[in-house]
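Look at the two complexes coming up: chain A is in both, with chain B in one and chain C in the other.
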Partner chain A sequence: MAKLETIVREFEVENKYGIHARPAALLVKIAGKFSCDILIGKKGYEVSAKSIMGLLTIEGHQGAKLHVHAVGADAEEAMAEIAELFANKFFEE
Partner chain B sequence: MSPKNTEPLSEIILKGVGVSPGVAVGEVVLFAHDKGASTVVDRSVSEEQIPLEIARFDEALIATHRQISEIQRKVASMLGEEHAGIFDAHLLVVDDRYFIEEVVRELREKKKNVESIISQVAGRYIEMLSKLEDDYLRERAADVRDVTRRIIENLAGEAVDRMDKIAQPCIVVATDFSPSDTAGIDRAMVHAFATDQGSATSHTAIMARALEVPAVVGLHDLTGQVRPGETVLVDGTRGVVIIRPTSERLLIYAQRAEEHKTILCELETLKDKPPETTDGYYVPIAANVGLPSDVERIGKYGAKVVGLFRTEFLFLEEDRLPDEEEQMQVYAQVADQCAPDNVVIRTLDMGGDKFSSALRIAPELNPFLGWRAIRFCLAHPDFFKIQLRAILRAGAGRNISMMYPMVSCLGEVLEANIILGECRRELQEEAIPFAENLRVGVMIEIPSAAITADLIAPHVDFFSIGTNDLIQYTLAVDRVNENVAYLYTPTHAAILKLISQVVRAGHAQHIPVSVCGEMAASPELVPLLIGLGVDELSISPPSVPMVKDVIRNLSYSDCRMLAKEALRSTSSAEILAQCRELLAKSSPEILELIS
Partner chain C sequence: MAITLKDLLDAGAERLSLELVWGEEYLDRQIEEKAINRPGLALTGFFQYFAHRRLQVFGLAEFTYLKSLEAKEREVSLRALMEKNVPGIIIARNRNPLPELRALAEEYKIPLLRTTMITSHLINESTVLIEELTAPRGRIAGTMLDIMGIGVLLQGRAGIGKSETALSLIERGYSLVSDDVTEVVKNSRGRVMASANNLTRYHMEIRGVGIIHVPSLFGMGAIRRETELDIVIDFHPYVNDADEDRTGIFPAEIDVLGVKFPYYMLPVSPGRDMANLVETTALNHKLKMLGHDAAKELDEKVIGSFLRKSGR
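Showing the complex of A and B:
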């Protein structure tokens, strides 16, 4: 059995309108490609990055700092893609 | 996600109120007039219905996914890909495993219909979103609301919203029907009705009897327990609905149907016999009719006279009112069909539950106590005159009478008669033939009119007691509210006293008094009404043979005695028991048939 990898990183939301519906959709699509569990949010309130309904409820406005928590065999690849998404401001601007 | 291939669901028997006799088996069509309404019905489901609810949810998700993809494709081709992006998010909501699992989990826990669970779960998300500080993020609530509303609409989307859309033989199931719902009905397609709400005197019941289709009402949660296309059996005689009946059950019913046919054939032989008691007392039976096409069928049941011709059907069409000529044609045709016997035309009884969009009557808080019938007509004399002139003209050379509904005091009668007088004068000036001696009566259906019947009697030619409304107004019981329907007791001492008072007031002025409510079609109450001195019974045509059979086995002196005792009795249950006792003596087979 593959050993469970746990990766935690923090990202800042840089795009102007925050994680609204379209960025959230992108995040869900990427998270959905991986088998690892991915949680995202702030201290005390984290939701699955694979659930758009959950994602919409996090306070992901511009400038917000969000923890991403990936647990599973492909956590590293997942985190890399998510990092790219944040770095590219969710391809919005 | 959902166990679609669950084991076959078992037969379910639901008990309601049988309001129109007969048995029908067929496939369910769900009817919902408020499709897509923002209010979601909250109802409980049983353990065994849970897979059914999950399957409904599953199907609604698939349908929603398809619709959103379609919209996305259209928007992309018309406005460009960048505008279609938002629908990616909407599709992800429909596919959101976490959301779906949350709904299913709560469905199992709370055992509620999936619509109410979805709106609860979505409601929580929406509430969370609305608490976000960022304005832009807060607007995402609209996306969630949009998608969940679409899912809920797809759940209800299996229902039809108009009767004239029904194109195959079926059994129509609904929460309840409004009069306009039942307007476009095709008798050949609708084999039975079954509703969650309603009682023996609600509009659905009256309509079903007029259409002669079996109906059961007051089934509480039928709409939650059947799915479109499922087989149900409606037994309007016993007030039972059976969902997914077994083949044994269907066989038993087939045998019963044969027996029933035999009894009806026997009653058929009464067609040409007079409604006369064993001691020679004659009680004319007239027919209540709601559609002109019903008139040709009354003879088949052994009725000749039309004691109540409702005119509301003329006013049910949207955005259009019938003109004088059109109305006149209808009234004349009906009178010709009944000639030489009489037809009593009731002037418009709209308002209340009989709402018409063409008349633009604003919804009222309390429509049964509101602006309807004669009140509405007197407030719109020009509109009222169209109908009065049509009736007067149709009455030329024909046997037509007319009555005003919902009269609460003498003043209204006098006012209506003044307008009628104006119509007469106008027609005379225009040299158009009309009925010079049209007989004019009033419906006695409001307690104040019953109590002051002696004041009204000198100004009219007959009384017709509308017991349905008289009972509901006297006892302050909404006949459609199933929680209080048990208080709707025709044998209440107050009702009997009022009927007796109206009869005496009428007879003192030598005018006849008839009863045109459901009470007159009830075999056990017929002897009581006869004993109270009622001169004529006006009932739905299919009830005529049975009531005639009851009358022909009664003796008038027994009826008088029954009424005398009833007026002294202190208990409505006791009065009913005495009525049954008399019927058990005179027509035991009828008592058996109805109980």
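Showing the complex of A and C:
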């Protein structure tokens, strides 16, 4: 059985409109490519990064700090792609 | 869960017509005991069993008593109460605070609130409100539906078809409560009530279609704001040796906010109509609640027949 990797990182939302529908869809698309479980949210409240409706409830406004947990064989690759997304402000202003 | 005066003021501005008279800076004071106290006896100087951790309400009786006192006695009486460091004071019937009350509240940094309600209504309403504010709550992954009065939570990993199944059930006339993220609150009767996140309420995301607004497409009958949770159904990929209950005699249980609920595991595979299976599971649960357990009844019939044939 593949080793179960757990990676935790914190990101700050930098784009003006936060994680609205388009960024949420981008995140879901990336998360969906990987088999690992990815949770995202704030302290005490996390949702699956594979659910658009879930992502819209975590209140990821500009300046919000979000934890991302990735658990599974391909957690490292998944986290790298998610980090890129945050770093590029979801390709928005 | 403890609440502060600010929580109460925010939630009660409309429902209790509460307004702040004094003490904006001290609204972070906690209401340690979730009840309301009328401090009549305490005002007379009797402090045994005085519920000083509760909010104190000054109504007609308290005001009339205080007014019957000389100014000096009134100050002594109120000071003794304030010294107990009560969390806050609510004045009923929209009265103006007595000058001594206001001055002492400021001295002891105890916020003063006021309402237009009469005391008895205020006590009833605020007890319910405080109960709601302090109720255990959480958010869980899953789509919530109301199927003929049975609250069903659909769980399962992303992409397994929860929202699609919910859509089929809505088409059959049942109601959506929330999609993918469900908020749960345990009420004072120990029941778990499920509702949607305020921001995304009544919206769903269907793969390939996108985000839809359910009442706009299917009408007001297709939604419900809140429903009581009755059963949890978990969708999982079909595997031959899955640990599922094939008879329905020994249903598994799942814990939500400390309450146990029947937990049905439904395998998903091509050709299995999940909406139909969820509907059947819900209706069968309702039948069980009415005292008819089909699985047990059949088993008893089988055992009875065997016992007759065994000849002992």
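Everything below uses one rule, namely that the second predicted complex is superposed on the first by the 93 of 93 C-alpha atoms of A that agree within 3 Å, B and C clash if a C-alpha of one lies under 4 Å from a C-alpha of the other, contacts with A are read in each partner's own complex, and residues count from 1 in each chain.
The rule is simple: a contact is a pair of C-beta atoms (placed from the backbone, for glycine too) under 8 Å apart; a residue touches a chain by one contact, two chains touch by 3 or more.
Being a predicted model, the structure only gives us computed values, none of them experimental.
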Clash-or-fit label for the pair chain B, chain C on chain A: clash
Which of chain B and chain C A:60 touches, first, second, both or neither: first
Which partner reaches more residues of chain A (counting touched residues only), chain B or chain C: B
First (chain B), second (chain C), both or neither touched by A:29: first
Touching partner for A:51 - first (chain B), second (chain C), both, neither: both
Touching partner for A:9 - first (chain B), second (chain C), both, neither: neither
Partner chain in contact with A:17 - chain B first, chain C second, else both or neither: first
Clash-bearing segment of chain B relative to chain C, given 19-27, 37-45, 289-297 or 307-315: 37-45
Chain A positions touched by chain B in one structure and by chain C in the second: 21, 48, 50-54, 56-57, 59
Chain A-touching residues of chain C, taken from the complex the two chains share: 139, 141, 157-159, 179-181, 197, 199-200, 203-205, 211
Chain C partner contacts - residues on chain A that touch it in the complex: 21, 32, 45, 47-48, 50-54, 56-57, 59
Chain A - residues contacting chain B, complex: 17-22, 24-25, 28-29, 48, 50-54, 56-57, 59-61
Touching residues on chain B, where the partner in the complex is chain A: 85-86, 88-90, 92-93, 96-99, 125, 128-129, 132-134, 136-137, 139-140, 143-144
